[in-house]
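All chains are identified by letter, namely A, B and C, in their written order; residue positions are counted from 1 within each chain.
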Amino acid sequence: MGGAGQQHPSLITLLTDFGSQDGYVGVMKGVILGINPQVTLVDLSHDLPPQDVIAAALVLQAAQPYFPPETIHLAVVDPGVGTARRALALRVRDQFWVGPDNGLFHLVLEGQRGFQAVCLENSTYFLPQVSATFHGRDVFAPVAAHLSTGVSLSDFGPPLTDPVHLNLPVPAISSRLIQGQVIHVDHFGNLISNIRFAELETWRQGRPLEVRVGGHHSARLVRTYGQGSPGELIALEGSHGYLEIACAQANAALVLVGGRHLPIAIMA
Amino acid sequence: MGGAGQQHPSLITLLTDFGSQDGYVGVMKGVILGINPQVTLVDLSHDLPPQDVIAAALVLQAAQPYFPPETIHLAVVDPGVGTARRALALRVRDQFWVGPDNGLFHLVLEGQRGFQAVCLENSTYFLPQVSATFHGRDVFAPVAAHLSTGVSLSDFGPPLTDPVHLNLPVPAISSRLIQGQVIHVDHFGNLISNIRFAELETWRQGRPLEVRVGGHHSARLVRTYGQGSPGELIALEGSHGYLEIACAQANAALVLVGGRHLPIAIMA
Amino acid sequence: MGGAGQQHPSLITLLTDFGSQDGYVGVMKGVILGINPQVTLVDLSHDLPPQDVIAAALVLQAAQPYFPPETIHLAVVDPGVGTARRALALRVRDQFWVGPDNGLFHLVLEGQRGFQAVCLENSTYFLPQVSATFHGRDVFAPVAAHLSTGVSLSDFGPPLTDPVHLNLPVPAISSRLIQGQVIHVDHFGNLISNIRFAELETWRQGRPLEVRVGGHHSARLVRTYGQGSPGELIALEGSHGYLEIACAQANAALVLVGGRHLPIAIMA
């Protein structure tokens, strides 16, 4: 990319917990387009549960493989806005992430040896007035926009080598039992667990499985939603790559009267 | 349009029941922009009632007259994802539609003699890995994107001549009575019926009408929402072209404690 | 800008109370892109409380400082659609607004000496058929699109010098007491008052303040959300520039069992 003054066609995604009612996201887009009118903007989500950093991290992880090189992902789920929490910009492989340093990017970084991160400290790239309550508008949006015009990562601030980790529950795995839990409920009421399907398949070694949800409900392992009979609890690989519990033609979160933190046990 | 390698400025609309929480739609846009960075994307709706193919078909029908030639409408309301249901791409007049073959495009096709449809079978235009649960991302988004770069319809697969019909209730019409029903409730609580306003006017031949909703409520026929006095039930031509029941300055679905399937009778 | 036939890269924002379910906003975008395919579209909000002109006016006011020159803001919260209410296009400083003349633009106009407004009467710039129920699609979208192609304001109709005022409650200010009220509840449940923070600071002259909400709840004045202890009611300058009541790590509107119209008293 060239100097900061040039305008590149570029792609910025936006992920926040700001909702769609108040115009907060629109204002961030105004700031971005004022700096780089050529940029293409894509909403990942603005309806995350407020302050749900885990949900945001899952969406960012699921999105990454499907966006073209040089995409900039701007993510603002920021319970610590106005406090001393750091702000960062990050390059992993050929994409960028910008947002608060609170674990949002943990799943994107997971298993990555090489990444480049900086602490956002150079106020040249912020709006002239930085409020105490809306860094999405005043810090993160302008930084993402300047990044899209070709400013290099190192111009935004000093290196940051220890991004904050996400406090994500890890499944307990023994030879015949995996004990995990639900970490996210999606729009359809499907329950996304913390058990990676690929790891499950490796562990399973072809053995038949029994999947228990919430202690006493059984879910049948299938390949597609359509394989369940109406009302049946099924377990399958969801599009996030995790084991997912669904209820065929119904809302599993309503049927099970439970959502996040619900225990899931897999017995081989 | 030219060969598949070229990039055209083009317009793709998106209609799904994926909601706005989970980033599913954003991921589809990432796939599209990775194939055609020049495309303009417009959301029609992602908040349709889950798996409500009728609601989706109504939105597609209402949208069609207002989009420019060559627009590609990508619609994924897909209860049968992962089963044997067919996938299609369709040209009617000067616009295109892409999605599952489950009746979604019935209202767009209605009354059209000439259309060209193909069954999406050429996996060259899919993502390299097609999941069992998310064809919106793996099949329909890349097909729409390739279509926008100039790939011709016939390259996507063999002709499809019998698109699936929508199971839409048809009003019963006699000389002095039309018996219809509500088929959709919109964001304002307005009740959209299956009675086309233009047909009603032809049938009416200037006679005075009595409109009954849900058996015993009367609605007064007016031309605009503003003509009702507060709380009054009114009947008018909605923007979908169907007879619509509204409640002036209130939510008709709440006032009538009912929505879809509510009977509507028109007496001349 | 040049003649009506040219296409400029340009920016149109959209603000409505149409919700995201029914495709109404998508259809407006189809109309705009049919007239000016080069335009960039940004959603401000479509999830305003139905017919809430005050909420819309607040979003428009908050957005204005953050959009580039020549931005066109298309706003349709229009309880009077189909009645005799006027429609207008407006230039204030270097941006434009288009919508019904019902107070939507009151806060944008506030304190502005110079503005240029016209009454939308030249149907050349409307869709050929104007419905009685959907002027967003038939009048306002095409006018905004033509404006973005370089049509001058005066071509849309005769001057309008007396835009409708918004019926916004004004705080009562005496030497030791300000009595205001909540005028908007945002997505996080934060309560936005009608007390401008800058005016409060001038009035205060460094005196310590007591903030009362809903009669008997006290809120502590802080600078950022993060300064409240969990569950504590806090008062701070919100991103709209008004005094805002929040509940640290919780939803103030739920905690206080109240929202709009809740009285706020500030004692010095």
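The criterion applied here is as follows: a contact is a pair of C-beta atoms (placed from the backbone, for glycine too) under 8 Å apart; a residue touches a chain by one contact, two chains touch by 3 or more.
Values in this document were obtained by computation on a predicted structure and should not be read as measured data.
> Go ahead and align chain A to its copy chain B using Cα positions, then give the rotation in degrees, nearest 5.
Rotation angle, to the nearest 5: 120 degrees.
> Over half shared numbers or under half: where do the identical copies chain B and chain C land at their interface, same or different?
Different, since most residue numbers here occur in only one copy.
> If you average the Cα atoms of chain B and of chain C to get two centres, how far apart are those centres in Å?
The mean C-alpha positions of chain B and chain C differ by 31 Å.
> Among the residues of chain B, which ones contact at least 2 other chains?
Only 20 qualify.
> Where on chain A does chain C make contact in their complex?
18-27, 29-31, 33-34, 37, 41, 50-51, 79-83, 131-134, 137
> Considering only the defined contacts, which chain B positions touch chain C in the complex?
9, 11, 13, 15, 20, 40, 42-48, 59, 62-63, 66-68, 71, 186-188, 223-227, 236-239, 249
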